[in-house]
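Look for subunit A in each of the two complexes below; its partner is subunit B in the first and subunit C in the second.
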Partner chain A sequence: MIVEADDVLPVRSTEDVVRVRQEVRSRTAAVGFSLVDQTKLITAASEIARNTVIYGGGGTLRLQILQNTTRRGVRLIFEDKGPGIPDIERALTDGYTSGSGLGLGLGGARRLSNEFDIASKPGEGTTITLARWKR
Partner chain B sequence: MEHIPILKIGDCLLVSIQVDMHDRLAIALQNNLTEKIVITKARGVLIDISALEIVDSFIGRTLNNIASMANVLDAITVVVGMRPAVAITLVELGLNLPGVRTALDVDKGLVLIRNSIDDELGEIDAGELN
Partner chain C sequence: MANAYISLPELISKNQTTLLHDWISLQRQTGAFNRRIKEEVLLEQSRGLLTELCSALQAGAPNDLKATEWSATRKILEEVSGTRTSLGFTPAETATFVFSLKEPIFNLLFAKTDSNVEKQQQEIWGINLLIDKLGLYTTEVAQSARENVIARQQQELIELSTPVVELWEGILALPLIGTLDSERTQVVMENLLERLVTSSAEFAIIDITGVPTVDTLVAQHLIKTVSAARLMGADCIISGIRPQIAQTIVHLGLELNVVSKATMADAFALALRRTGRSVEKRVASPKNGSL
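And now, the complex of A and B:
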């Protein structure tokens, strides 16, 4: 697998969440995603970016364009140094929230991605990786 | 800070969201609309989201909140112009908008509001006759 492009963006404010959406749109469009696939990954990115700001206390997004032998895709790696997620399974359950949200962010973002991974240690932070491939 | 204009047409308020809203802007819209409903005694709120490229859970919740608050203030809310890609994504995200009525475009949305207000007036008239 080749990483064609690899950029880092700040995810610290709700304005940054909007910029994340715009950057994900431009990358997915450049790779040739359909409008529906663009919309799905942008929406997933928006959910996770907001979590990074609200629960993670801010962090970064690494935005990668991937190329393997048969297909291209976009990978998003959100990283924060916040309190971490104590119970990942519960956090992924629709309707569960530790804040005031709807509790759809993590589970919804997972459904909207082809690949989804959460790595989190209490007190050290959270890394959430999403990827979607061009169909 | 950006501002989303609210236009008054007869007894309806019309909002066309033309920017990629950050969360504070969405909350400001919710608050401004609620105040405007009271000040103008509007009976209907029409929200055009045809320019919105995504609706995530926060924006969805804001639309739901607007509809709930409008409902308490005796106004009906109709969201119009949702893009097909947005509708497909909303379903997969798991977000349904129970309190929000939708229509395909502004014309159909205004008809929906008009009919709903007229129905209510009809019921009141019928009640007075009995």
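And now, the complex of A and C:
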């Protein structure tokens, strides 16, 4: 697999969340995603970006364009050095929130992605990787 | 005579008045400057820059403008760039103001009969590079100021803007256009609720055609508004859910628990029906076929 582009964006504020969405929109459009697929990844990115700001205390997004022999895709790696997620299964449960949300962001983002991974250590931070392929 | 070596900072500080005089008259000659900038401002900024440059050099500031020794100089340059940009100077003209300091300084250095030719050459080269950096810094400042303006404008463009409009007696519409991330969303939603009270409307149509992304935050705003409206005796209809948004909402697992219609027109027709009204196409009479 070839990583065609690899950029890092800050994810520290509400404005950054807006910018992340715009960036994901332009990348997925450039790769040729359909409107539905664009919207799915943008929405997933919006969820994880906002979690990164609210719960992770801010972090970064690595945005990659992927190309393997048969298909192209976009991978998003959100990283923060926040408190981490103590119970990942529980965090993924629809309706669970430790704040004042709906508790749907994490589970929703997983359903909106083709690949989804959470790595988190309490006290050290959280890395969430999402990818979606062009259909 | 084996004269004592005079360092560049010393030379500049000793001849500050002459330098300033020469520099200003040089600036006057290049007509573009004095046309738009006030004499006092020009004098004050030139003196300020020369003074700060001098004290930074005397403090042995390194050749890197980012160093703290240069902070006062940077501040003056930022000011210079700011006033000139607002007066319509181009970044090149502003930088030229700084570059024009080279001539009087070089004149001074050349006039110095120094035994140490090599040292003198080094100094000339050093001050040359330094003034280049100072000039380029004004350009950088101007550029980032411009970028800030652009970023602010973009931010304002995507910031939610929303009037509550009365479509018919008892039917309000809130066409949402923009992103719902900012604090202002709350205000917009509260506006709608207030208008519901003052107009005692029965229906509110919230149109989200202009909302690029519907995620859990947007949903939360919608859900809260819909339930608050319900408590006040008004029903909400959400319109403008585009196909790709509908699919995403399902995947997110969102339940909006509210009547929705594809378009604002459909929602309006529904609200009219529900309030006992109907819209009919008038059948044109064959005799006088006008509308």
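Criterion: the second predicted complex is superposed on the first by the 135 of 135 C-alpha atoms of A that agree within 3 Å, B and C clash if a C-alpha of one lies under 4 Å from a C-alpha of the other, contacts with A are read in each partner's own complex, and residues count from 1 in each chain.
We adopt the following convention: a contact is a pair of C-beta atoms (placed from the backbone, for glycine too) under 8 Å apart; a residue touches a chain by one contact, two chains touch by 3 or more.
Here the structure is a predicted model, which is why all the values come from computation and not from measurement.
Trainee: With the two structures overlaid on subunit A, would subunit B and subunit C clash, or do they fit side by side?
Mentor: Overlaying the two structures gives a clash between subunit B and subunit C.
Trainee: Tell me the contact category for A:Ser98 with respect to subunit B and subunit C: first, second, both or neither.
Mentor: So A:Ser98 meets neither subunit B nor subunit C here.
Trainee: One more residue to check, A:Gln67. First (subunit B), second (subunit C), both or neither?
Mentor: neither
Trainee: Just subunit B (first), just subunit C (second), both, or neither: which does A:Thr127 touch?
Mentor: The answer is neither, since A:Thr127 touches no partner chain.
Trainee: Indicate the residue numbers of subunit A shared between its subunit B interface and its subunit C interface, in ascending order.
Mentor: Shared contact residues on subunit A: 14-15, 17-18, 21, 25, 35-36, 38-40, 42-43, 46-47, 50, 94, 101-102, 104-105, 107-108, 111-112.
Trainee: Report the residues of subunit C in contact with subunit A in the complex, numbered from low to high.
Mentor: 155, 158, 179, 181-182, 212-217, 219-220, 223, 243-245, 247-248, 251-254
Trainee: Inside the complex, what are the residues of subunit A that reach subunit B?
Mentor: 14-15, 17-18, 21-22, 25, 35-36, 38-40, 42-43, 46-47, 50, 94, 101-102, 104-105, 107-108, 111-112
Trainee: Would you mind writing out the residues of subunit B in touch with subunit A in their complex?
Mentor: Residue positions touching the partner: 20-24, 53-58, 60-61, 83-86, 88-89, 92-95.
Trainee: Provide the residue numbers of subunit A that touch subunit C in the complex, in ascending order.
Mentor: By the definition above, subunit A touches subunit C via 14-15, 17-18, 21, 25, 35-36, 38-40, 42-43, 46-47, 50, 94, 101-102, 104-105, 107-108, 111-112.
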